[in-house]
Amino acid sequence: MKIRVRADLVYRFDPPTDAIYKIQVAHWPGQTVIEERLVTNPPQDFHEDEDADFGARTLRARLSGEVAVTYEALVDNGTLMGLPPGATQHDWNDLPAEVLTYLWPSRYCPSDQFGRFAERQFGDTAGGERVLAILGWITENIDYEAGVSDSETTASRTFIDRAGVCRDFTHMGITLCRASGIPARAVSAFAHQLNPPDFHAIFEVWLSNGWWLVDPTGLAPIEGLVRIACGRDAADIAFLSTQGTCELVRQSITAVAGDADSLKAA
Amino acid sequence: MKIRVRADLVYRFDPPTDAIYKIQVAHWPGQTVIEERLVTNPPQDFHEDEDADFGARTLRARLSGEVAVTYEALVDNGTLMGLPPGATQHDWNDLPAEVLTYLWPSRYCPSDQFGRFAERQFGDTAGGERVLAILGWITENIDYEAGVSDSETTASRTFIDRAGVCRDFTHMGITLCRASGIPARAVSAFAHQLNPPDFHAIFEVWLSNGWWLVDPTGLAPIEGLVRIACGRDAADIAFLSTQGTCELVRQSITAVAGDADSLKAA
Amino acid sequence: MKIRVRADLVYRFDPPTDAIYKIQVAHWPGQTVIEERLVTNPPQDFHEDEDADFGARTLRARLSGEVAVTYEALVDNGTLMGLPPGATQHDWNDLPAEVLTYLWPSRYCPSDQFGRFAERQFGDTAGGERVLAILGWITENIDYEAGVSDSETTASRTFIDRAGVCRDFTHMGITLCRASGIPARAVSAFAHQLNPPDFHAIFEVWLSNGWWLVDPTGLAPIEGLVRIACGRDAADIAFLSTQGTCELVRQSITAVAGDADSLKAA
Amino acid sequence: MKIRVRADLVYRFDPPTDAIYKIQVAHWPGQTVIEERLVTNPPQDFHEDEDADFGARTLRARLSGEVAVTYEALVDNGTLMGLPPGATQHDWNDLPAEVLTYLWPSRYCPSDQFGRFAERQFGDTAGGERVLAILGWITENIDYEAGVSDSETTASRTFIDRAGVCRDFTHMGITLCRASGIPARAVSAFAHQLNPPDFHAIFEVWLSNGWWLVDPTGLAPIEGLVRIACGRDAADIAFLSTQGTCELVRQSITAVAGDADSLKAA
């Protein structure tokens, strides 16, 4: 599916500080960047990296004053399919070595505490069926509501609060999957039909020898998701991190299906 | 410095379960494995992996019943030097991309909560001087004492408890370094002159374009440390992880300086 | 119902320390102490207090060396009835002033965090029906299992762990009741037919203008419970608290229905 | 010292809900209410209680729509003295029974976790000297800053954050005193010369057979404090609690030394 994505980020960096952006479409197999454009005003000399595993790209620079970053891309995200119930769960020995790390607990996903709950609640399922049971449980038990959580909220707290935003839903899902022995990692994404439009936090699970994207909020169709970056949890996939403080001036993110128009400048 | 290391691990796996060992000397630049031997009784067909970044090696197999794993090696760990106070701290833009991940908080190291304390306590220092100030603070404020912490203890709790074991000291140190903008990661090690002998948990910091090992417990001399594995915190460097349960039968770990004797079988 | 209760507590206090025992049958209206006996060996000069609200009695003394305390009583605990579903919940204005305190969160019962869960899960019930729904939820969702919790475990953690002992069940129940606007407090008790015999932790709720005892573990019949002390949570009702350390030598607690025999000395 | 205090609280209760105010000057021995006045607009039929221990008064009513409560009083708070270093600490056996409860941990004051820190940091002091050492430590280590803490912040978190407001300072102080074996409780107060004027949260400690007020923020002089209510921590002394939600319209609190003027209506 072809999708045009665009992020306009205007922030003020005063005093000057080092900043890291993770906003570009990942060079993920099956996800093709047809064309893209990055404009900064004033122009910046970004240090650009790409990780070997996910194809996630980071932009780094020391920024000063008000900086507008506009990124747009036309991307074919391939054919993303919903997770089939029959997707098989692997024993540890059958996992690629680089996947193992996504079994362990992380800052916002203390999966080590959820083994008993996972077994009690989902114990008669495995693999794709289990992940779908987890997603169903989240839909039934967690309310999508802003203002309940903040940047420090862990899945343990969301489990008690029973409410949160996409980031919290994702942490809850990752935590229950890892507690079930299923590798799971956080993914930042552009999302077609997300309302209101914004960066989206989702996650993916390793089943049947591959990563499968799932959206625990159910807010956006799977086939309209475009991968940006991945990591253990929200600590790894922030679209903007700064060493010092920064101030939001304005920001907009869009993702629209279709390929008719060429990219336009900001 | 040449060091003979040896680990004898006898565990019972009943029912059978997948297990991961991280007990072999890492293929770290400057650390040379002169000879090594791995014996399992009964023999096992281990799946062996090595990560590209640290040279950490993992052994995986599905194990059943009582399994004895003996690993010994003669290693030259090169010339490990204590961290110089003048080691320089890098801005984010000057860090290798793969080092950035060690700036973020993790399961046992919620460095995002310690920014103010780090600034209040160590604000007039940076780089090597700052890490040394952190180590000095730990020595003065945390008691080495078993039984206070457990496998879930985070640095936040150790900060309150004021006591713990090597794992807790390491989490405390990593947390304060990351809160200071210094990349830090947990390292498992063989340690010459550690008393009682055991696997050791230490950490390393990225300064002056390289990783420097430090031992926040001060229990073992730096020059006698042999790297095994690294990760964000204890969640990543366990010497033995199992998908199900397992039972300790007996275990001994040794690290002795010198190269006179050839390796002997168990 | 007439019940003979007996507690034999032998502890070693070395070095000497102040100690508080809460082991005597409360002078609670409707609960009659027919006869009782307190023997200490060596003899101690206890400072005895009784609180006006609950009739709970405390024994205090500075103790040294090994001290055996034997308490026995024949008590008629009246006619304790199971909580009727129709018991009515009061608005704040209709509560006695001294009951209000049991609406607020305490050390092990952070009820302020459970408002949404309580409303989601039990929102269509109130009063006795709601408390019974809470007890039913606990029975279905929490496993009685020693070794999961410790003396610091809060209801927030038990909610995640899904296991604990009587103290944890009680904290879970109190928390959900307070989160539902129902005053609830922890009660220590002798319990007929508790297996294995021990002090029991239960709680009571204020409905229909009175306190109703409930046992969230379901381990002992309501009619065989004998109140000892009450408080906000386990922090208030410990059967033995000491300013310094003390060491358990041996301990036994019994509660047996019937009145045939006169009390026997230890 | 004679002090005029006044609180104007205008809140909107929609839908109607039960509310509890704790805003009146306590009938505390040595604190004399010379004259006082309570006006509500529209008039309300408050249910008024006074607790026997502290003389704290509560006003309860079911409120609807916008309600303005004006309370003013001329009070002689006696001669409040700063805590003398020589004030003596009592063993448990020498404490009044009703004071014991202020030794135990509470929702926001987990003093059970701070024993080692208290001993390490203040171990060479006791009694008044120890409390003064604790207050000195707080002054040196905690920044008065709004926005760091919220209504759920515990002393454990403030200990890490190193910042907070009067409520957090009070929780930190209570926690360290209880961890030192000194009974301590939270007190709400009017405070002369508090800037900006507001209700103040302070605490008092039991030493030399009496309660001594201390202000861990140092923001207001001891001699200008007027007790309102007391409790284990902030959970007990809120100036306004409501069963449902309510909305602040406007609020002002003042406390001015002197007795020249008679009380004026709002």
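A, B, C and D label the chains in the order they appear, each numbered from 1.
What we mean here is this: contacts are C-beta pairs under 8 Å (C-beta built on N, C-alpha and C of every residue); 3 or more make two chains touch, one makes a residue touch a chain.
The structure presented is a predicted model; accordingly, all values stated were derived computationally and were not measured.
Answer with same or different: of all residue numbers used at the interface between subunit B and subunit D, are over half used by both copies?
The interface of subunit B with subunit D is built from mostly shared positions.
Measuring centre to centre with CA averages, how many angstrom lie between subunit C and subunit D?
Their C-alpha centroids are separated by 30 Å.
How many angstrom lie between the centres of subunit B and subunit D, each centre taken as the mean Cα position?
Their C-alpha centroids are separated by 47 Å.
Just how far, in Å, is the C-alpha centre of subunit D from the one of subunit A?
Taking the average C-alpha coordinate of subunit A and of subunit D, the gap between them is 45 Å.
Which residue numbers or ranges of subunit C touch two or more of the other chains?
Residues 113 of subunit C each touch two or more of the other chains.
Specify the contact topology among the chains shown, as one of line, ring, star, complete or other.
Looks like a ring, each chain touching just two neighbours.
Who touches whom among the chains?
The complete list of chain pairs in contact reads A-B, A-C, B-D, C-D.
Under the touch definition given earlier, write down the residues of subunit D that touch subunit C in their complex.
Within the complex, subunit D touches subunit C at residues 18-20, 47, 49, 51, 58, 60-62, 91-93, 97-98, 100-101, 104-107, 110, 112-113, 151-152, 181, 231-232, 235-236, 243.
Can you tell me which positions in subunit B touch subunit D when the two form their complex?
Against subunit D, subunit B makes touches at 113-114, 116-117, 120, 141, 143, 156-157, 159-163.
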